[in-house]
Amino acid sequence: MFKGRFPTFKRMGQDEENKLKQKIFDVIFEANTPYGKLFDITLLFLILMSVGLVMLESVPAVNARYHSTLVTLEWTLTSLFTLEYLLRIYCVKNRWRYIFSFYGIIDLLSILPFYLGLFFPTSKYLSSIRILRLLRIFRIFNLTRFTRGKNVLVIGLKESKDKIIVFLSFIVLIVVVIGSIMYMVEHDHPESGFTSIPISIYWAVVTLTTVGYGDISPVTGLGQFLASLVMIIGYGVIAVPTGIVTMEMNKAAKYDVPKNTERCRNCGDDYHLDGSVYCKTCGHKLNH
Amino acid sequence: MFKGRFPTFKRMGQDEENKLKQKIFDVIFEANTPYGKLFDITLLFLILMSVGLVMLESVPAVNARYHSTLVTLEWTLTSLFTLEYLLRIYCVKNRWRYIFSFYGIIDLLSILPFYLGLFFPTSKYLSSIRILRLLRIFRIFNLTRFTRGKNVLVIGLKESKDKIIVFLSFIVLIVVVIGSIMYMVEHDHPESGFTSIPISIYWAVVTLTTVGYGDISPVTGLGQFLASLVMIIGYGVIAVPTGIVTMEMNKAAKYDVPKNTERCRNCGDDYHLDGSVYCKTCGHKLNH
Amino acid sequence: MFKGRFPTFKRMGQDEENKLKQKIFDVIFEANTPYGKLFDITLLFLILMSVGLVMLESVPAVNARYHSTLVTLEWTLTSLFTLEYLLRIYCVKNRWRYIFSFYGIIDLLSILPFYLGLFFPTSKYLSSIRILRLLRIFRIFNLTRFTRGKNVLVIGLKESKDKIIVFLSFIVLIVVVIGSIMYMVEHDHPESGFTSIPISIYWAVVTLTTVGYGDISPVTGLGQFLASLVMIIGYGVIAVPTGIVTMEMNKAAKYDVPKNTERCRNCGDDYHLDGSVYCKTCGHKLNH
Amino acid sequence: MFKGRFPTFKRMGQDEENKLKQKIFDVIFEANTPYGKLFDITLLFLILMSVGLVMLESVPAVNARYHSTLVTLEWTLTSLFTLEYLLRIYCVKNRWRYIFSFYGIIDLLSILPFYLGLFFPTSKYLSSIRILRLLRIFRIFNLTRFTRGKNVLVIGLKESKDKIIVFLSFIVLIVVVIGSIMYMVEHDHPESGFTSIPISIYWAVVTLTTVGYGDISPVTGLGQFLASLVMIIGYGVIAVPTGIVTMEMNKAAKYDVPKNTERCRNCGDDYHLDGSVYCKTCGHKLNH
């Protein structure tokens, strides 16, 4: 462990160092202080900027023309992110826990490809990993408390998880069977594109989800008839996840307005509108 | 300000002019008088006609053959719209407020491109701006009171706004990450079309929303496997906005029953639950 | 009017003729008698067969090989439908009302193209009109009482009508504006296919509804960015009709189980399950 | 019947044989014993492996390179499945009922194509039937009791069945009529691909379900206008199955709460509403 042994701070007293650590921690990890907010907004801006850089670099025309500018900006941004990473390590108490936490790894992954790229300059793909910096945005979103909107969404989806997994495994089974049948039917017509079972399964997914690229499509009458069946089935099947999520959100929404379920002390009636002061049934004052 | 100084009306008395202004205002801005209704219907018809003109002009075959007819009609319609614009300015009390209001700018934008086109005849694209005239239809719809149908729609969507924004920003993050990964996977196969990260993100949007043009589609096995995952995820994800809107509409529908909008005689509060006997705000008996 | 003057029945008494008419009417128009059911099923079979014929005739390979068989079958079926049409006219009381009713016109349209085809043999398209025979199936479905399933569907859709019209007119406005903007953006790149505003509007419909043929697709960066926006908007917008229909169906479903809303005579509690004999709250016998 | 006449077990006593049969039955058919669980998991693994084999065999590149390995593995797996099939026949009481049951036929179909392939080596398609082995997974899922998630799904879909059938037959009617109309409109432009009515109906399905391959798409102005109408209709129509399933799931979810499935001690009736105090069938007090 290299706890507290950063050379530049060696001559400070233990107390002063702890205070400094606390200050840095407040700015970097907290979101409620003014400096914390400023830091989060600056970071958000820098992340979006660097993601934009990665994108522009991948466009051949742009990269050819502004290569040096892009490289300079990339150097600057990566230096800032590296400084931030080191400061994070410096100011947290349990360093290893941070380094191996989800966000710790994301933070490392967002600077590492750049330094590796210096030694292995041909590793073009490596540099695309930097786009994972985007995931750091979630940390900022997690800190700044979200509105109720998110809660209903998250609760609704969490509750739907079981049912959606059952549903998706069913879809996978269906798609494999449909793909194999279509392979048998269309295999003799190579212009249709059904060249192997995995490709046919890919087609089945493309069709059942109503994406429909058209790079593979049946050409025989029987194939087109079966494809029509698949589409009409998909039409009915697409209703299922929607039904699940709607149902769970409806449930979650009920727990979202706690006041409404309060009962009148006089007549026992419940389900009052938000902000009701008197019972809608007996006119007795509600006891919030 | 050029208030009240239109030359042709100079010799009228102040009173007469005010009466005239009121009359014009009633016809142009109001929708309940017989003349107001007639004006709105005529205007609706003229707008649709002029939008049709802009469309026809853009079709090369039609424009080549009926060019002079189209130009004549366009002259006539633009003159009428200009007259209407001037009358609107003339009859409103606060002229500048009208001119810089949303509909004031739309009104100007629907005649300006034509006059600019006279001086800069090459500005072909400018003339397409005239299609924004279509937005003027909304004013007519706003005036003629809509059925309940619209209210539920609008309330449902307004209430969903927060959740849909959270959802859409999540979609944007997902789409950027997916696009970058697919770029890394498919980049070596230029025939697949994944030539840069922005293009790959465009593909991710096209796929996740199940549009699926097919101008860009994966060709490697790994790419097709990842694309299948994306589609199946999209299948589950498409359920979310539907769930949100359905939930909010269900809520909005509860306030949709006519009784609910009754106002309490005592405190003037409205929107009571179905079957409420006492006002939820002041406890006064409701007078059904 | 040619009421009752069919020559072959001239020598029958008025009474006998009326009885005969009644008998024919019972078989052709009623569905509850054994003969009526048999007639309906036979007719359903003949309609489906004749629709199959029209389809097969349109397939060049099949028509070339089995032309004479198809023609013979068509002759037979059209004769039978003509006979049925004449009998329908004969046995109804108010003949003109039948002839100009919706189903009367459909009945005529399903035989007329054939006879016209004898005189104008080149009118190939005319013969496709015969496919409208399919609409006659709805009459049979209307007669044989449907299950509750249909009622909920029909009530749900009827109640949604207003809202769906508001929604669709909004979609039309959006699509025209989007199409015009994309025309301005992509017009200089003829390979993208945005050759005129109507075509661009067609593209906007194809994209917003997530059909996505790919015959027209943006090629410029700005165009692809705008298209992405349109798709993500469409993603949220597709939720609206679903929300409407679900809401209305939920409402319709409540009225679909009349017994459930009955109140207990003892405690006044309502909403009992189907087939409940005793009140779920006080145990008192329910009074169906 | 060849009940109990397997030669190898001939010398065992009747009792011993019955015990052996019972043991085998417990392992193969039951899922709650430790050996039963182990057997199910092994079987699941072998099925997935053999399905993977069938897929890989269909990929030309893989088959060319690893042909002998694939064949060896196929031999091994089919031998194991054959052994399992014989053991199943041996240990069940009513053999013929098993053999002609749904899973009995699936079990046979998953080994038969292999043996037939030995005698008719050219029957390449036959071997794809082996993918039906996948359906055997459902048996394992049925044994290992599922979570509530599945129940809501299954109840919701079962209840929706009637309405979805009405809806789908309506879709079929619509699609045939739309296809025929588009055939009449686009028939003179062979580059559009509307070469016959069945093909046009296929296009109508592809469009209405928003799949949109783009292999067939209208080229005339009228055709594109009609296609736009179809898409916008499809936009509204896609809401219907979602509405149905959501509604039925909402209903099913009400019965999903554990209390509701409690049985009345007096009459044994289950499925009571939440908060019921008395049995809805016999009026006996419920014993929470």
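Letters A, B, C and D name the chains as they come in the text, with residue numbers starting at 1 for each one.
The definition used in the following text is that a residue touches a chain if its C-beta (ideal position, glycine included) is under 8 Å from a C-beta of that chain, and two chains touch if they have at least 3 such contacts.
Everything numeric here is computed off the predicted structure, so don't read it as measured data.
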Which chain has its C-alpha centroid at the greatest distance from the C-alpha centroid of subunit B?
D
Contact tally winner between A-D and B-D is A-D
Over half shared numbers or under half: where do the identical copies subunit A and subunit B land at their interface, same or different?
different
From the options B-D, C-D or A-C, the pair that copies B-C, where over half of the contact pairs coincide
C-D
Rounded Å distance, subunit A centre to subunit D centre (Cα mean):
32
Distance from subunit D to subunit B - Cα centre to Cα centre, in angstrom
46
Mind pulling the residue numbers of subunit C that touch at least two other chains?
167, 198, 201, 210-214, 238, 242-244, 246, 250
Sort out for me which residues of subunit A touch subunit D in the complex.
162-163, 165-167, 173, 176-177, 180, 183-184, 187, 195-198, 201, 207, 210-214, 217, 221, 224-225, 227-228, 231-232, 234-236, 238-240, 242-244, 246-247, 250-251
Which of the residues in subunit C come into contact with subunit A in the complex?
210-214, 242, 246
Of all residues in subunit C, those that touch subunit D in their complex
51, 54-55, 58-60, 125, 128, 131-132, 134-135, 137-138, 146-150, 152-153, 156-157, 164, 167-168, 171-172, 198-199, 201-202, 205-206, 209-215, 238, 241-246, 248-250, 253, 271-273, 275-285
